[in-house]
Structure formats: structure tokens, C-alpha cells
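To keep things simple, chains are lettered A, B, C and D as they appear, and every chain counts its residues starting from 1.
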Amino acid sequence: MAVSKSFYAIVAGTGAGTGRSVALRFAKSYPVVLLARNPSNYEDIVSEIKQQGGEALGISADMSDPAAIASAFENIKSEYEGRGLGLAAAVYNVGARPAIKPFLELAPSDLDASLDGNVRGLFHFAQATLPSLLASVPTSPHPPTLLVTGATSSVRGSTRFSVFAAGKFAARALGQSLAREFGPQGVHVAHVIVDGLIDMPLTREYVVNEGREDGKINPDAIAESYWHLHTQHRSSFTQELDLRPYVEKF
Amino acid sequence: MAVSKSFYAIVAGTGAGTGRSVALRFAKSYPVVLLARNPSNYEDIVSEIKQQGGEALGISADMSDPAAIASAFENIKSEYEGRGLGLAAAVYNVGARPAIKPFLELAPSDLDASLDGNVRGLFHFAQATLPSLLASVPTSPHPPTLLVTGATSSVRGSTRFSVFAAGKFAARALGQSLAREFGPQGVHVAHVIVDGLIDMPLTREYVVNEGREDGKINPDAIAESYWHLHTQHRSSFTQELDLRPYVEKF
Amino acid sequence: MAVSKSFYAIVAGTGAGTGRSVALRFAKSYPVVLLARNPSNYEDIVSEIKQQGGEALGISADMSDPAAIASAFENIKSEYEGRGLGLAAAVYNVGARPAIKPFLELAPSDLDASLDGNVRGLFHFAQATLPSLLASVPTSPHPPTLLVTGATSSVRGSTRFSVFAAGKFAARALGQSLAREFGPQGVHVAHVIVDGLIDMPLTREYVVNEGREDGKINPDAIAESYWHLHTQHRSSFTQELDLRPYVEKF
Amino acid sequence: MAVSKSFYAIVAGTGAGTGRSVALRFAKSYPVVLLARNPSNYEDIVSEIKQQGGEALGISADMSDPAAIASAFENIKSEYEGRGLGLAAAVYNVGARPAIKPFLELAPSDLDASLDGNVRGLFHFAQATLPSLLASVPTSPHPPTLLVTGATSSVRGSTRFSVFAAGKFAARALGQSLAREFGPQGVHVAHVIVDGLIDMPLTREYVVNEGREDGKINPDAIAESYWHLHTQHRSSFTQELDLRPYVEKF
């Protein structure tokens, strides 16, 4: 494992699933900053990365709070950019878990929770990271990358998922807009539609796809696709891809 | 003009363009409630409807303020449903005009303005009107209808339109979710992608489509499509259609 | 019923469902030419139109055979354009019923049958009608219109429907291309996604949507949407709309 | 370079661009069969692979001719499967270059050329390779994979590209249908939308994207994404992804 001494990565929204696997995957090449609301969501991952010879820093921040983000990024920038490291990749994986309910039973706060986690947080995160990503364009070994985690509800509104879809569609809109604006400047912005249940402790008891083997998405497999997106040559950027188990109905 | 004495319609977001034309079109068949933040946005239309023998009521309300909406709908319900009228159609046409800027020049309030007008307002409006629309299912001459006005940015994120697209994608997600939830209960929810500049006083000076005749969308033509959607048989509902000038590039 | 003495319409692919209803609907305003492979598919409709005071002409032609189409259109043009009538609307509704089978059980002829009916026929039909539609632009009361009937398989490939989807996707591609090419010249090209089972003699015994009332699409309702598309103002053309029963899962 | 002695790959449609790069990339791990109409399209690539220590076999076959394909596959199967090798990956990259013309200037043969190369050939290729891919499911180190090369015209019909779009939409329909049918059986079917001009001898003189560096797609970069698709874990399959230069307008 040869970790870069010139570039680092940020993963916002870590926990047991995609965020953890992506952080571990990117930590093979970069020092990684993990952002999560609760330290319990990154502490173990930070340790795991360090045990594997990597470098990691966990910072607690609520992505929907601009002041918290500003403070976290001051911290990050002084820690990494102050040492001359450039930002190579920023991953927005905040997993707002909004209310899944019939529409007439939802409260306005249910909508706000989805918009906060899925859109507002991404807006703040993108505003905080894009200047650093742009600054890395001339020197980064791979095109600096902003990756956004989507879901089935990013492309499909459905009964009981109305507010989740509102937030996820909006995040896709932001990602697509940023790809069109920052791609020509050399930053790769991509959106991943995770169309299936992720295999992690939280979902262990759920039975999907008739309980077939590999019927839930292995988050390490997701992380491989994120890494592939990051390493794409700038003449051949993917803006959007879907990921789902072979047995998933779609 | 035979205006119904049993059903009424609501149009939220009136002004000089789509809202005005839709209100006038629906007023040929129903008493129409016009909702807008400023009375100046509905007063002339109310007069125009009355002059043509129709019935109209303007109510001032900020769609992103739940309390204002609740109060407006109490007012509406006592005025119409108290007299035994059922709600036949509700049109959400609130035209949030958010900042059109490079992403890094946007303020968080620019995102909020888009989300407020496009999503939060629709959420409140749908929660306020769906119970009445459902109640009209058994008796309404046409399937009770909830119509949402979209735009190019409902299906395409682009440079400078990032926050507008965020709001519009989210509104489309809500509309699609509501269509799937309330369609089987008999309420028709449809989303219209207005993909072009509307011909109205505000846009008179803008030159689009090389200034060709009918190169801007006639809002009365939009209103005809809204009326068509409202009168579709329940065995043949449209969920989404696009509208654009014949000379528009797309 | 005031049938135009200056314009006529053509409906290709008539039978008991959409084609019949569209022919009857357009016959309220125009003399209508009905094209079908077998006279038994238009004879009754021609009689029905005449009984209602309309004008109709049935012509037998296989849409996938360019020579047959050429001959049919010579016939049509001498009959109508020879008398000075212009073409106001052309509807392509040829209902190729291709094999619905597992992919490895399909024969190449199954693919060809789908391509013949859905794409080749449309190609020939569009080449035969577009010059006449263009010629009608300056005088037609509504923008001259080319309408194409699609299906669920126009936008979704699925198990057992692979060759049907191949044909339907291709027809959608043609329609979309023609809309972009001929729209700016004043011809309205629209594609309708009929996303459900049509209620007609052939489907009477099928139980869909739990057998609920209006769970199959009333073809007269489809015809109303075709007529609406035809009468849209050129500043407000729809390129694509979907139609499905209120109880349809989608 | 450790080339498998148990599995092989097939690339149909080789030449100077994507096909060549994909063949070279897959040849790092598998013996590769190259299929092209003219030997001149694979001879140099076969030599190149052999010089790099790989194994390659070129076979001349017209993909739109079922008899030619049958004969080619008998040849392939006796050569590889007779020796006990299983098929790990099959890539359909046939580059039909159909007429790009105004619709009314197209001949029926222009449509046929597009359908032959894009759809019929894929149909035959998929029927010939899927049984072998299915047979490899239990033993293949990566899920057996069928990859289809698409283009901008796979998702967008446009002026002058009508018949190209017809063929490309149809191929996408086939690919999507096959993904839904064969995914649950363990075969990964993916479609790649190549949305830009490929950098190869044929396109060297074309100026796109203002002539900016990397403004054409490096076919080796495309090949990396094909390889990534092939190596995805079965719990995390991508069905469709887009590839375009960072400076491409989309």
C-alpha cells in the first residue's frame, strides 16, 4: 500500500455500509477524511484504516448545518492543504433515512429531513470541496472527482417514498448540473444509483430477492465502482451508473 | 359558459403567464380560487373571470409557509366546501424564480428559495388539497386532478441552473410519487414539462428561437393541455407530458 | 358534424382498438383513409364512419412492403390531393404482435416481424406522408400532425419482450428524430406510450389490474388524447405522453 | 501477463477504435476471438496481441448474416470449447456506419443497414454467445459478461440521425431485455453509451470540442470501463453507463 503524500480524499457520510467501504478503498491510495454526524460512525473505520497502514482523520459534522461544515473544512484544510496536500476525491454519501410513509401521514419535518440530508448537505459539501478539487486539476494523478451516492428513489418516485424521492431527485439534479459546469474545468462529477439493499449489519435480518446469495449489494463492490469512476481518464468520464444485485427486479 | 355549482378548482401561483391562463380556462367550468403571495398577482384575473360571467376568489398566501396555507385552506373550505362544493382540480404553478448563477456564487438562501417554492410549497399544497380531491372522486364529472407545472430543469440539470433544477427535480419526484399513490384511488396527478419560454409581458423583450413567430409558448395553449389532462378518462391518464414551441431546440 | 372539404387524415393500422377509435374521432372533422393489411380490419369502421355522416376510404396495404405502400399512396393522393385536399394528420398505429418468448427460443423471423411492423412500416409511412404534411403547413387549421402509437415496451426492455422492445424503441427513435427535424418546419410529430391493456374484443377475457372497472384503457379515451395532440397550438407541442389506467402499476 | 487457460473472450466488431482497445485489454487475461467482416480489421490486432504474449484468433464474419455467424461460432466452439475453455466475455461492438442524412433523402436500404449492424447482428451474436456464457456461470472467475457498445443515438433521436438512432435504440432495448432475463441467471449484460467522438486514425482530422486536448475519447479508456464492468461482483452489476470527454456538451 503506497499512500499518496500529495493528495487526500474526503468521504462524507460514513457508517457500516457504502461510506465505510469507500473510505477503506480510497485509503489504499490517499489519506482519508471521514465526516459523520456521530463519531461512532467513523471511529472504527479510522482505526481500521490505520491498522492497514493508511492515514485517516474523523471529523464530526452535521452536513445540513453550514456553520458546522465551514468549521469542519477549516479544520480539514489546515490539516491537509496546510501541509501541501491537494484534494483528489470527495464522496457525498450522507444517508438521510427519511420517513417512508403514506403521503398524508407525513409531517413537514419529514420533507425537511430528506432535503437536509440529501440536498442541502450536498450543496454545502460541494461548495466546500469544489474549490479544492479545481485547484488539484493540474497536478492530480487522476482527475479530481466528486462522487454522489444515489438510490432507486433518485430516478423513481413511488408510494411511501415521496419525500425520500424528492431529496434524491434533487441531489441528482445538483450532481448533473455540477458535472456540466465543472467537467470542462477538469473535475469529474459522477452520480451512482445504488438500486438495491446494501449488505451490512443493519440490513442483515432483511430478506430480499428471495434470500438468494449475493441478493444484497456488497458495499466493497460498490467501492470498487467508485474507485473506477475516480480513475477514469478525462477523455472518458461516466456521469451516471447504476448498481444492483444480479437477482434484483428492475 | 355553464359554471359548475357543485365543484370548484384551485390554482396556486398566478400571475401573467400559465397561472392566469389556466385560471381563465378552468373558470369556464368551475368557480376558481386563485392563490398568490401578492394580491396584485390575482386581482386582475379575478376581475377578468367575473367579467366573463365566471366566479373567482383570490387569496393571498405564501405557499412555503404552512401556517399561511392552513389559514388559506380553512378560508377556502369554509367558502366552497361549506356550501357543498367539491374540489375538482388543483393546480400547482408556483413560479419560484431562483438564482441562475455559477454554482460557487450561490448562497444557501438561493437553494432554499428554490426548494421553498418548488418543493415545500407543493408538499403543503398537496397535503391541503388531496383529502378534498379524494372526497370528490365518487361524484366529480372528471377525475379529480392535481396538476404540477414543471420546466426544462425538471428533467435536466445544467450549468447555472443547479438550484433551480434541484427544486424542479424534487417537485417531479413528488408528483410522480403522488401519481402512483393516489391514481389507484381515483385522483389524477400529472406533471407538465414546460420546455420553453412563455409569451407574457415579462418576457416580451426576450428574443428566443431567432425571434420566430410563436417561438415562445402561448400560455393559453398550455392551459388547453391542462384542461385536456383534467378531462382524461380514468382508464387513460397521462402522468407526464412536455410542451414546447415547434421551433424549440431540444 | 362538419367534415372538412379541404383536409383529410390517414390512419394506418386499424382494427378493433386504438386504430378504430382514432379513425372515428378524426372522422368527425376529416375524411379518413384507413390502411390495414386485411380489408376485414377496416370495412366495418368505414361503414360506421359513413353511417355517422363521415367520409372514409379503406385501402389494403402491408406497411412493411414499400411497393404496396407506394401503390396505396398513389391511390390516396389521386383520390384526395387530386381533389385539392391537403393531409392534416397521419397516424401510425400498426400493431405488430411479435413473439413474446424467452430470448433463446426466438427465431430471427420473430425479430424481423417486430422490426417490419414497428420500424420499417413507420419509415415508409413517414416518407410517404411527410411531404403532404409539409405541404399543408401554410393552410391547415391545426398544425399537420404525424402521430405514432407506442407501448410500455417503447421505453422498457423486459424479459420475453426483447424483440417487441427492439421494434418499439426503434419506432420511438424515429418519432423523436422526426419531431426534431420536422417540428421547426411546422409539422407536429408526437409519440404516445400506451402503457396498459386496451379494452377491446380481443382482450375482453383478459383480467388485469385485479379486474377493476376501467382497468383496461378505453380506446375512445386514447383517441381523445390523439385529437388533443393534433389540435395543439404550434407554440406548445407535446412530443411524448403516456397513457395508462388509473389502477395500472408503473 | 497471465492469460487464462480456462476461459476466453469474443469481441465482435474490431477495427481501429473501441474494438481494438477492448480486444487488447481483455487479451491481458483471456485468449480473444476477434470477429470482423474484413480480415484487415483484425489482422494487425491479432499480431499485436500475440507480440504481447497473448493469444488471439481472427475470424471473418458478417454479423447480419445468420449462416455466417453460425459457421463462425462452430469454428470458435470447436477451437475453444472443444479444448475445455469457457466463454467469459462477449463484446458486441459492431460499428454500423449508416447514412447521416435528412429523413426524406434516406433510402430503405439506409434503414436496413442500421438495423442489420445494430440490431440483427446483436440478436444473432447474443443467441450464439448466451448459451456459452450461461455455461460458464458456475466456474468463471468473474460473472460471464455480454457488453454492448452504444452511442449518443442510443438515447436521443435527432435530425439526420434518424435511422442510426432507430438501430441504436433497438440495440439498447435488446440489451436491457437481456439484462433482465439473464442477470438472475448470473450473466451480466451491460450497455455502454459512448457519447463522443473516439480518438482513432479515422477521426484524427475531425475537430470537436474546440480541439481541446483529450476532447476525443481515448479508446483505451473505454476499454478500462469495459473491463471494470466485466469484473463487477454479481451483487453489484451496472446495466448502463455513459462515457464522454470532460469537455463534451451534453
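Criterion: a contact is a pair of C-beta atoms (placed from the backbone, for glycine too) under 8 Å apart; a residue touches a chain by one contact, two chains touch by 3 or more.
For each chain, UniProt lists the protein as follows: A, B, C, D = Oxidoreductase-like protein.
Only a predicted model underlies this, so the values are computations on that prediction, with no experimental measurement involved.
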{"item": "Partner chains that subunit A and subunit D have in common", "value": "none"}
{"item": "Far-end chain from subunit B, centres as C-alpha averages", "value": "D"}
{"item": "Where subunit B and subunit D are represented by their mean Cα positions, the distance between them in whole Å", "value": "46"}
{"item": "Rounded Å distance between subunit B and subunit C, as computed from the means of their C-alpha atoms", "value": "31"}
{"item": "Chain centre separation (subunit C, subunit D; CA means) in Å", "value": "35"}
{"item": "Residues within subunit D bordering two or more other chains", "value": "180"}
{"item": "Subunit B partner contacts - residues on subunit A that touch it in the complex", "value": "66, 102-104, 106, 108, 111, 115, 119-120, 123-124, 126-127, 130-131, 153, 156-163, 165-182"}
{"item": "Partner subunit B, residues of subunit C touching it in the complex", "value": "143, 180, 183-184, 186, 188, 196, 199, 214-218, 220-222, 224-225, 228, 231-248, 250"}
